[in-house]
Structure formats: structure tokens, C-alpha cells
Amino acid sequence: MLIGATLAILVSMVLAIIRGVIGSTLYDRILAVNMFGTKTVLLIALLGFAMGRPEFLDIAIVYALINFITVIGVLRYSDSLAFNQPDEEKEPEES
Amino acid sequence: MKDLVAVVMLAGIYGLLSACFFVAMDAVDVAFTEASVGAGISTLLMLVAITMTGRSEQAARHKPALAFVVVVITGGLLIYGTLDMPYFGAVDAPIQVHVAPRYINDSMQEVGVPNIVTSVLASYRGFDTFGEAVVIFTAGIGVLTLLPVLRSRKGDDAVESLNDSMHEQHLIVRIVTKILIPLILLFALYVQFHGDFGPGGGFQAGVIFAAAIILYAMLFGLEVARRVINQTFIQFAAAFGVLLYGSVGLVSLLNGGNFLDYSVLSADPIAGQHLGILLIELGVGCTVTSVMVIIFFHFAGRKEDKQRMKEEEVG
Amino acid sequence: MLTHLPILQVIVPLLAAPLCIFLRRPPLVWLFTLIVSSLAFVISILLLQQVMASGTIVYELGGWDAPWGIEYRIDALNAFLLLIITAISTVVLLAAQTSISKEIPKEKHMLFYTLYLLSLTGMLGIVATGDAFNVFVFLEISSLSAYALIALGKDRRALWASFQYLIMGTIGATFILIGIGLMYQMTGTLNMEDLSTRLPEVAQTRTVFVSFAFVIVGICLKLALFPLHLWLPNAYTYAPSIVTAFFAATATKVAIYLLIRFSFSVFGLSFSFTTLPLQILFMVLGLSGIFVASIAAIYQTNIKTLFAYSSIAQIGYMIVGFSVSTVTGLTATLLHVFNHALMKGALFLALGAVMYRIGSVQLSQFQGLGRQMPLTMAAIVIGGLSLIGVPLTVGFVSKWYLLMALIEQGWWPVAVLIVLGSLLAVVYVWRLVEIAYFKPQLVGKESVKEAPLSFLIPIWILVMANIYFGIDTRLSVQVAQAAAQSLFGVSP
Amino acid sequence: MLIGLYNYWIVVVLMMIGFYIVIAHGNLIKKIVGLTIFQTSVFIFYISMAKVDGGTAPILADGIERYSNPLPHVLILTAIVVGIATTALALALTVRIKEAYGSIEEEHIQEKDNQAC
Amino acid sequence: MDVAIEITSSICLLIGSFLCVSGGVGILRFPDFYTRMHAAGVTDTLGAGMILIGLMLQSQDFLVFAKLVMILLMMLFINPTASHALAKSAIHNGLKPVLDIKERNNTESESSSR
């Protein structure tokens, strides 16, 4: 069951990455990163149990925290990011 | 991909992914550090830098052909080199049979710390870690020299108004953060002192501690945070951490041991090792916290100072 | 305390750096830095004496024995390098306070000295250590402080130069890291002594070959060996004068040391030079470095750039000596390391003095300076003569040994090319002399005076050393020979 | 061989992607991102060396026989710190370059330098 | 008893995994930012909660249990807050919700040119 859950998390991580790459708006990307971070926390927790050494959950806590801080950071600076776009670039999206 | 923000975000995801990989490869301490550094601090720093340098990449490349050739040659060489390597996970590879067994088998008797990574980091190869503390100190000093504070100000009130929009907009976030910050600080202390038994240690704790301060600065305004944490004080703290580490070494030198030989710090070698590791982890934590805060304050401060100067020019 | 000398050598400047932050007042910090650097110099002299008297000193950090802990291993080669670095650093510091007062804003002086000490620490650490990974850590300390120091230059191009250096330097360091990783993978150890005993067993594997390649390429990036030299001229040109003087005299020397250490001690002579065509490769690179850089130097109008290119050319000489891979060849290289530090230290300090008085080092600005700043210009001329390799200067000694080494091996064509390369040096030095002595003074520059004493003293200390060691070669040759012999395993 | 070494090969590919970004892209921020990727991949390389089949994290506990090699972990901890130090410094330089040149594109900066000469 | 705990835990994990995958599909397939956020935000919190509860049931050590509770609490705090901040920031900066597929393209270019 643990393995199954791990696989499911991995699948949703992949989906989140795809959204992060397609993006289309800045907020989509932030969302993808946020979701990716949450999934990472779960993945770490699951991996700990699957490998039989569940005492390393500290890492998962750090992930959760870091994830939050990153999102807040991006939002904090997103105002000036939107502002800072040079005019010659009309569509920064799509690689 | 021309949007640099997206690039940085994806780089952050890469950091997270590699940290997951580290967990899968049993390197929990490394995963800890990579998560807080690769995905957290460095992403944040890059974002702040991008707000100052512009968001999108211009102009297509000129001649990447040469670069491509160089890369293919290097990559080919590396793959060629891996051909004779012991297989992935091999039990009898040279690195598993030569130096490492002593760490695994004897470190409990010699150092008395269950986390082998901590005992190797702090004791067997304590000097490398000293170098690491100095590297981060150097980076702090380097950023201080490169991005000095630009001060041409009327008073702090002007600053407050600048951040108002952020404040009103994110009331809920601020309240939640207020609840979270003490928790984060507590957790940082836990990581700092629990490093002997589980993943963690001075560096990780320092980064988490700094993250709490950075979070505070982002939501309540840089000036407020700067008032809480005095600039000179934090520089002293950075220097103090390195000095603490060094003086542990010097004391052991005076007690008749070699540099960083903790066994002589106390009558009982194991107690001495414990004391030494505790102190140097504190030193590292102190330096890392203050340097991370210095770096962030100077990046973000540069941005706000420049904004203010622009406004003063207009006004 | 004497048994702790190896570690004191490194940690004295290291601990002094954070103390600078507490001192804060620039003159005080300068004095403190100077004292610390002199202290390091004294320690290095004592170390050299010990090594020459009683052989290699081993110091185990943390009290753990070698392959498990980190050890410092000081033999004649390290001690020689330590001496060069601390000596140059001390002499250069004499002039620092005067020089940076014009080039760096006052509030950054304290930080400047801190970075200076850190960079000194880094170099000393690289040289003293006997652990491959520890090399990487200290390499980064010295590089990071170097990037910041170079970026302190007044011109905005200093920033760009520093950034380029940062990218190249980090790639180099990462390559070294990969190389060390592969080495570790095959042997399971990081200690250089232990590596050298365990590597021959696996010497025929492809992994070791690739790890060697990566380490060498990484070091060559730091070394600015000919095709990888692109970062160097700009970095030296736009850095503050003191920084240029210090780095030109020491930084590349440390890289040379690493090259010698890794290829001779760690991988072993037979692996480095018999299995691989390294000899030919380095010979060609060294020679082409000499010619390309010398010719580039001839066309420069900025004197700092000119001497920066000349540095690349001089690195070429060292590499040629290295590629001969005989005791004499290596002696020549080490002598040239020592001598080049003396020449370039003197030259760049003198340029710093010119910068202090005139505020520029463009060739055109040198018109008539021979009369206005006679002592400074005389120093530049002697330094230039030394670069060319005129007898009675140190430059002659090392070139002489180099030629001897080449002739011993019967490599006549190379010897001829070396002499031709020296002739190119005549051209670029002559251009400077011509303008400084045989052109009329510039209008509006009549008030330019001789450099202040705080410049003249260190410059002339170095110039006198240039002449002294050119005549009395006993000390330098003896130490260099001892170092070379110990690397070849010949007992002196 | 494919089974035994595939891990390293993937890491090499990642490394080379990072390396390519560093040397081929003109945008300074991208160069720095490339550098980070390059370095992180080297870390992955080291950590893969440390893994032992059937081993677990090197924190001593009862009833566990086989641990992964702790030494590469220690080395990489140090290397990560070095990496973030380099990144911070590089970003600071980039900010200053933007202020001084008004651009963070390699080509523009070189153009401006050539004009100044 | 053990079997009961095992089964409950498995069910929790199963629900959690399902929610996570559906959240992933949602974030990929929904037409605009706000709907995607809805998908991600809701499933993330519940899915993560379910998985963590499932793990809690399996944990033997008290410390592990406590840490899991801590993670769960933080998730409950952080996720909604982050979603809230994200949405607020997005609307503040002029990203309009798209209700009709046809309008999508022109609204998006409008929002990003700001």
C-alpha cells in the first residue's frame, strides 16, 4: 500500500511539473511549485515508512516550511515582477 | 524558455527533486540541507535578484555550436570514465571497504554520536567544516562589499507607506505567519541540538532560523526587521560564529591536543567530543544564520533603497 | 608551540579575518592585517627551516590519523610556496593603506582587509593541506574572496571581469570536484599520501584516467594556462592595484603548486608522464602560451593588461619546465615561480604607485614619467629586465635552469623557441621604456611627483630581492632543488 | 553494465545540461541557474556513489547491519554550502552589473565595453 | 486489532492517493488559473491529510507520531493560507477568471502584458 501511495504521489508530481513547464501565467507556476512542494513532503514521509526508518520526518517538516516561505517570497516580489517586464517582450511564456 | 521567473521556479523544483533523490539514497542530512538551500534560500535570492535585473531573457544565442561540442566531449569523457566504475550500490566497492568502515563501526566508541554524518563532519573531518563556515562567512563579506546599503532617506515613515499595500493585502498571511514564526524558531533549535541523533546540525538550523527572520522581513517590511536585528550586531554575530569554532580549536591546542582535537576538552574523551561538537555546531549555526540574513537584507535592501531613490528623484 | 606550526600558519590569518570585523577602524585594521601577515611570514620561515633540517612535517588535525582525519603534510615544496605567499602578502600590505585610499571608498576598507586575509588563508590552506577535498574547500575560500576583491575595482568593467572569473573559476572548481570524486570512487580515500599508494593499483582503469583529466583541466582553468586564460587579463586589469599585485604574484603560483602536487605526488610520475602524452601536450600549450600572450602583450595600451598578458606568457615558461619532467626542469619551474612572484609583485606595485599619482595606467600617460617618478620607473625597468631574463636579475636564473633542463634532454628546438619568446618580452618592455624616458612630458602633468615612501619601500624591497636572488642564488636554488628532488623521490 | 551504471549516466546527462547552460547562454541569471544545476548534479553523483544495496541512512540504530557510506554525505554538505555561497556572490555581482551596464546580457555588456575602449 | 488498523490505514492511504492524483489531473486539465487552484488547493489539503493519517496509524514510535501530527497541523495552516495569498495576489494583479473557453486567449494575453 505504501508503495502504491508513493507511486500515486509521483504521478501527481509529474503532472505538477508539466503544469509548471507549460505555465502560461506566473501564478500557475507558483501553484505548481506549491503543489509540488506539498507532494514532496508526503513523498518523504512515505519513503521514510517504506524504507523502514520513519524517524527522519524532520526533513518533511523543513520541506513544508520552505515551501511556504518560497510561496510567500514569490508573492511578495510578484508585484515588482509583473511591473518589471520589458516592453519588447509581449509574451514571455511558452518555451 | 525566456521567462526567467519560470526558469528559477523550475530550478527550485529541481532542487526539491534532487533532495527527494537524496532521501532515497539514504543521505538524509544532505537532503535536509539541499531542501532548505537549493529549494528555499537560493530560489528566494534569485527571485529578489530578478526583480532588480529584469524578468526576461533577450535576444537569441549567437554560436552555441562550440559550446555544444565542448559539452559533448566532456560528457563523453565522463561516461567513458564511468565504464570502469564499481556498479551502483556495489557492496565491495573501494569506497565501502577502505576508509568508511571505521566511521561506521568505531565512531560510536570514538566520538559517541549516533549520527555518523555528524561525527565525521564535526570530528573526523572537523577542519573541512571549519572551512565551510569560513566559506559562508566569505560570501557574507563579499555580498556586504558588493551591495552596500544605499542610504539617502528622509525617515522611516516613508518606508512604511511603501509596504502598506502588501500589508493590507495579506492580512491573513500575516496572522498565520505570526503563529508560525515561533514554531519555526523552536524547530530550528530542535534541529540545532538534535543533530547528534538525527539529521540536522548547525548549518541546517542556521538556514531555518534565517528563513524565519526572512519570512518576518518579507511580510512586515524590511525596515521593521532591520530595527529588530541591528546591522552591526549581525555582522558581529557572523564573525563570532567563526571565532567560536576557531577558539574551540585553539583551546584544544592549549590543552595539549592537536587543533580541533575535542577529546582533550574534558577529562573524559567522549564528553570532550560531545562538548566540542556542541560548540562548533553552535558556531556554524551562528555564522550561517547571520550570513543568510545579511545576504537577504542586502539584496532586498538594495531593491527598496533604489525604489526609494527613484521616488525621491521624481518627487 | 613549534609542533603546531603547520596549523598556525593557516589559522592565524583565518581567525584574524573575523577579528577585523570587530576592529572596524581602517588604520587599525590595516596595522592588524600587516602584523598578522608578518606573523604568518615568520611562521613560514620557521617551517621552512624545520623542513630543510628534519624532512617532512605531518600534522594530524583533530588528532585523527591520516586517511580518516585530515592531515597537513609540509615538505620542501609546500614550505617553499608558503614562504613565497606570506612574503609577498606582507610586502604588498605595506603599500596597501596608501593605495586603497584612492581606489576604494573609505567605508569598505575594513571589508577589504577582511577579504584580503581570507584570500591569504585560502591560498595557504590549499598549499598546506594533504587532503584532496580540503584543497577544494580552501580553493573556494580563496576564490570567493578573490571575486569580491576584484569587483572592488573602480571601473565597472571590474564587475564584469569578476563575473567572468567567477563562472570560469566555479567551473574549474567543479571539475576538480568531479575529478576528486572519481578518484575517491576508485580508491576509497581522500588523503593524498594514501591516494598515491592506492592509485597505482587501479592506474589502468578508464575512471582514473578521466579523473586525472578533470583535475588537470580544472586546475588549468584556475592557472589560466593558454587556451583557458581568457578571464585573467581583465581580472588583473580592473582589480584594485594592491589586489592585482597580490594575485599576480601568488594566485597562479598556487595553481602551479596544485598541478605539480597532483601530477607528481598523487597520480605519480609514471602515470602522469608515461601513460599519457602529457609531456607533449603541456610543452605545446606552454610554448603557444608564451608566444600568443607575448604577442598580445605587445599590442596592449593599458600597462596593467600588458603585464597581465606577460603573466600568461610567464606561466607558459613554468609549464614548459614542468613538462620536461626531470629534476632540473622542475627546479626551473619552482625557481620561476619564486622569481616571477618577485618580479610581478614589484611591477604591479609600481603600477599601483603610478595609478596613485596619475590615476591611470594607459601607455600614453607614461610619457616623461622617467623623470618625474624616477625611482618608480627604475623599479619598473628592473622588473622588466627581469622579465626578459637579463643576467644579474632573477629572471636570468630561472631561464638558465630552464634552458639547461631542455638541453639535458636534447630538446634544442624548444630551447631556441624559449629564447625567441624572451625576445618578445624585450619588445613590450621597450615600448614602455621608450615612452617613459624618451618622450616629452605631457602638458598639465608637470606637478606629478615621485610616489610616497609607503610605496617606494615595498617596491624597492622586491626590486632588491630581484637583484639579490639574481646574484646569490644559493638559497632559492637549494630549496627549489630540494623540493624537486623530494618529488622525484631522490634523496638530496 | 546497463543496469550497473545507468544511474551515473543519467547524472552525467544532467551535469552536461547544466554545463551547457553555463557556457552557451548569454543571460547572466541563466548562467547562474546553469551553474546551480551543474553543481547539484555533481552532488547527486557523489551521493549515488555512497549508496549500498540494502543499506540505510548512516544514523546508528539497533538491529541494522548495513549503512550507506557517510563520507560522501559529509563532503556534499560542505559542497552545498560552497554552492550557495557562490550563488549568492554571483547574484550580487549580477545586480551590480545590471546597475552599471543596464543589461544582464553577455553580448550587450561586451558591446558596451568595446565602445568604451 | 492490528488487522483493523492496517485496513483503516490502507483505506486512508488509498483515498489520499486518489485525491492527490485527481488534484494532479485537475491542475493539468482545468481551463484557467482559478479553477486549477481550486483543484490543487482542495485536494492537496484533504489528500495530504488522509495520507498523513494513514501513516499515523502505522507509526509505532511516539516521536514519529508527534512529528506527523505536526506536519498535518502545518499543512492545515499553510496550504489554505498559501492558496488564499496566491488567489488574492493574482486577482490584485489583474488576472481575471475565465469562465468561457472562447474568451480565454485574449484575457490571458491581456493579463500577462500588464
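In this document, chain identifiers A, B, C, D and E correspond to the written order of the chains, with residue numbering beginning at 1 in each.
Quick note on the criterion: a residue touches a chain if its C-beta (ideal position, glycine included) is under 8 Å from a C-beta of that chain, and two chains touch if they have at least 3 such contacts.
All of these numbers come straight from a predicted model, not from anything done at the bench.
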Given chain B and chain C, the chains that contact each of them: D
Excluding chain D, groups that stay connected where the other chains sit: one piece
Identity of the chain that, by mean CA position, is farthest from chain C: E
Two chains joined by the most C-beta pairs in contact, as defined above: B-D
Whole-Å gap separating chain A and chain D, where each centre is the average of the chain's CA atoms: 20
Averaged-CA centre spacing for the pair chain E and chain C, given as whole angstrom: 57
Chain B and chain E: spacing of chain centres that average the CA atoms, whole Å: 29
Residues of chain A whose C-beta touches two or more other chains: 30, 32, 55-56, 58, 61, 65, 67-68, 72, 75, 79, 85, 92-93
Chain D: positions in contact with at least two other chains: 15, 19, 23, 28, 49, 56-57, 59, 61, 71-72, 75, 78, 82, 85-86, 89, 93-94, 96
Residues within chain B bordering two or more other chains: 28, 50, 54, 58, 78, 82-83, 85, 93, 95-96, 99-100, 103, 125, 128, 131-132, 135, 138-139, 142, 146, 170, 173, 180, 198-199
Chain pairs in mutual contact under the definition given at the outset: A-B, A-D, A-E, B-C, B-D, B-E, C-D
Chain B - residues contacting chain A, complex: 1-3, 5-6, 9-10, 12-13, 16, 19-20, 23-24, 28, 31-32, 35-36, 39-40, 43-44, 47-48, 50-51, 54-56, 58, 165-166, 170, 173, 177, 180, 184, 187, 190-191, 194, 198-200, 204, 208, 211, 214-215, 218-219, 303
Footprint of chain D on chain B - complex, ascending: 4, 7-8, 11, 14-15, 18, 21-22, 25-30, 33-34, 37-38, 41-42, 45-46, 49-50, 52-54, 57-59, 61-62, 64, 67-68, 70-72, 74-75, 78-79, 82-83, 85, 87-91, 93, 95-96, 99-100, 103-104, 107-108, 114-117, 120-121, 125, 128-129, 131-132, 135-136, 138-139, 142-143, 146-147, 197-199, 203, 288, 295, 298-299, 302
For the chain E and chain A complex, residues of the former touching the latter: 9-10, 13-14, 16-18, 20-21, 23-25, 27-28, 33, 36-37, 40, 44, 47-48, 51-52, 54-55, 58-59, 61, 63-64, 67-68, 70-71, 74-75, 78-79, 81-83, 85-86, 89-90, 93, 95, 108-109, 111-114
Complex contact set, residues of chain C against chain B: 4, 7, 11, 14-15, 17-19, 21-22, 59-64, 67-70, 107-108, 111-112, 114-115, 118, 121, 125, 131, 133-134, 137-138, 140-141, 144-145, 147-148, 151-152, 178, 182, 184-190, 198, 202, 205-211, 213-214
Sites on chain D touched by chain C in the complex: 15, 19, 22-23, 28, 31, 35, 38-39, 42, 45-46, 49, 71-72, 75, 78-79, 82, 85-86, 89-90, 93-94, 96-97, 100-101, 109, 113, 116
